[in-house]
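Below you'll find the structures, each written out as structure tokens.
Next come two complexes built around chain A: one with chain B, the other with chain C.
And then the complex of A and B:
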């Protein structure tokens, strides 16, 4: 069976205050876009007691660790530690995992389920303003290639199990691997852990495994302004109409979806 | 501001936005040309289509030089042609739509 898996891990809402990044709201919108363009069942992994009929299944996990991140000048809680468990948690044999800030606007990712591949993930990204940022092309200046865990596809088989086990091992020993791969940023990022795991499984070399997704990772960044879901401003205004788009400014995205 | 300079700057803004939107369309086209078939990954272009029109063998090397056995060559050929047609026509339609607008604001609507 095919399906999409989303994550909405967030801290409990205190005193009914709106979180700066409302992952549940983002997940709801993401699920409605998937339903509209891809007609696939969507499951949600969350640490909250949330219920909704928008999801095929809601899978509860415990919050065990936390870190923060600065987005658009605001410090937000960033809980990204359970991505490596998606192999065990997914209810589907073939799973497309995506961030909730990835806005689906077409059906091109449907073809991953007919690919016959065990893992598909993008190595390159397309900036909305064609900007070149070398720091997101490699893990370090002379480091290995960076893969983007924003969206990826996998099917359940022994090889992908090994892969996700390795990602978990890297996460559990992040200080060591961060030093080994000369990563300046102390924060754990799934993109980094996935890139390291791919490098290790390829025998510490670069190879053609895994293949890219059949969709460009059109991406805007943390400080970009989001006017609506189709218009983003980095250096200048850009329309992303009809293109699946990764909007990293989750704070602006949350505000937009709450309005 | 001088009118001539204002017009020039508007044109400059239009060109930058146009080039950027075209770049996004091209990236979409490139990804639309990726096809997975029998466990192989194929990036389609006219050269590839011509090479599979009259194949010498039923083993085709994919983009990563992995040999892939094609059981039904006719189906493979038609899949590739249809995918390439879809990708090219989508690119063309989007490009024509883009060219309709002569100012940066129009390109973003």
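And then the complex of A and C:
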């Protein structure tokens, strides 16, 4: 069975204050876009007691670690530690996993389910303003290539099980791997852990495994202004109409969806 | 059929014999492979099965004896390598792969990251004149009519390099003799097509990489890493590298 898996891990809302990043709200919107363009069942992994009929299944996990991150000048809680568990948690044999700030606007990713590949993930990205940032192409100046865990596809088999176990091992030993791969940023990022795991499974070198997704990763960045879901501004205004787009400014995205 | 590796080393201000020893050690540690050193130096080393003494070449870049590889080699099948190389692979596998060929040259080189090199910075003359893009850093030949004919043509091209380079490489004509260009011209004259195999070596010349090389070069359990990258191919290194490999 095929399906999409989303994550909405967030801290409990205190005093009914609106969270700066409302992952549940983002997940709801993401699921509605998937339904509209891809007609696939969507399951949600969350640490909250959230219920909704928008999801095929809601899978509860415990919150075990926390870290923060600055987005658009605001410090937000960033709980990204359970991505490695997706192999165990997914109810599907073939799963497309995506960040909830990845806005689906077409059906191109449906073809992953017919690809026959065990793992598909993008290494390169296309900036909405065609900006080039070498720091997100590799983990370090001479480091390994960076893969984007924003959206990826896998099917359940022994190799992908090993892959996600390895990602978990890297996460659990992040201080060591961060030093080994000369990563300046102390924060754990799934992009980094996935990249390291791929490098290790490729025998510590570059190979053509895994293949990229059929859809290039179009991405805006943390400090870009989000006017609406089709118009973002980095250096200049850009329309992303019809393009699946990664909108990293989750704060702006949350505000838009609450409006 | 006998198989072996042929190395040429004539010392200048660079100690090529020492590099040959480092290479021979790496070859031997990855497979039982006879090695012959061709040199004008007096040397005894456990890593060389045969040492063939030759008179010293003229000039500072002592490459002229290399065109005699076919005549010098004591083997039926020979892999010739530059000595500033490190071999982390079992060359028996390369011989098995190449044994149906009479002659084979490296056609594709790689970065330390195992990505193909696309830069033609060092190959302007070859590119501009549509000559075969081959590398003599590592090549194979079998004692055969075709290989013999090739080496005869190579000798002609190399011994008369100014005339041949002007005729066959009029664009960006190289102003000095090199085995790469002479070989490329000889292959062009013979219309010899080189089969592609995925055994190209890693080229560490700086201009083929899109950034400086990592300073971190180390061994883990006798395996060579450059930065985070394990080297599974033969590595054609640059000055200073042998200090680490030694």
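Note that in this section the second predicted complex is superposed on the first by the 259 of 259 C-alpha atoms of A that agree within 3 Å, B and C clash if a C-alpha of one lies under 4 Å from a C-alpha of the other, contacts with A are read in each partner's own complex, and residues count from 1 in each chain.
Rule of thumb we're sticking to: contacts are C-beta pairs under 8 Å (C-beta built on N, C-alpha and C of every residue); 3 or more make two chains touch, one makes a residue touch a chain.
If you're wondering where the values come from, they're calculated on a predicted model, not measured in any experiment.
> So which one touches more of the residues on chain A, chain B or chain C?
Ranking chain B and chain C by residues of chain A touched puts B first.
> Contact-wise, after the overlay, does A:162 reach chain B, chain C, both or neither (first, second, both, neither)?
Neither partner.
> Regarding the shared-chain residue A:206, is it in contact with chain B (first), chain C (second), both, or neither?
In the superposition, A:206 contacts chain C only.
> After superposition on the shared chain, which partner residues are touched by A:180: those of chain B (first), chain C (second), both, or neither?
In the superposition, A:180 touches chain C alone.
> Once the structures are superposed on A, label A:257 by its partner contacts, choosing first (chain B), second (chain C), both or neither.
Once the two structures are laid over each other on A, A:257 reaches no partner at all.
> After lining up the shared chain so the two structures overlap, which partner does A:144 touch, if you call chain B first and chain C second: first, second, both or neither?
second
> Show which residues of chain A lie in contact with chain B when the two form their complex.
It is residues 108, 111-112, 114-117, 126, 128-130, 208, 211-216, 218, 231, 236-240, 242-243 of chain A that touch chain B.
> Chain A touches which residues of chain C in the complex?
113-115, 211-214, 216, 225, 227-232
> Along chain A, where are the residues that touch chain C in the complex?
141-145, 180-182, 199, 203-207
> So in the complex, which bits of chain B are touching chain A?
Listed in rising order, the residues are 13, 16-17, 19-21, 23-24, 27-28, 30-32, 34-39, 41, 63-64, 66, 94, 104, 107-109.
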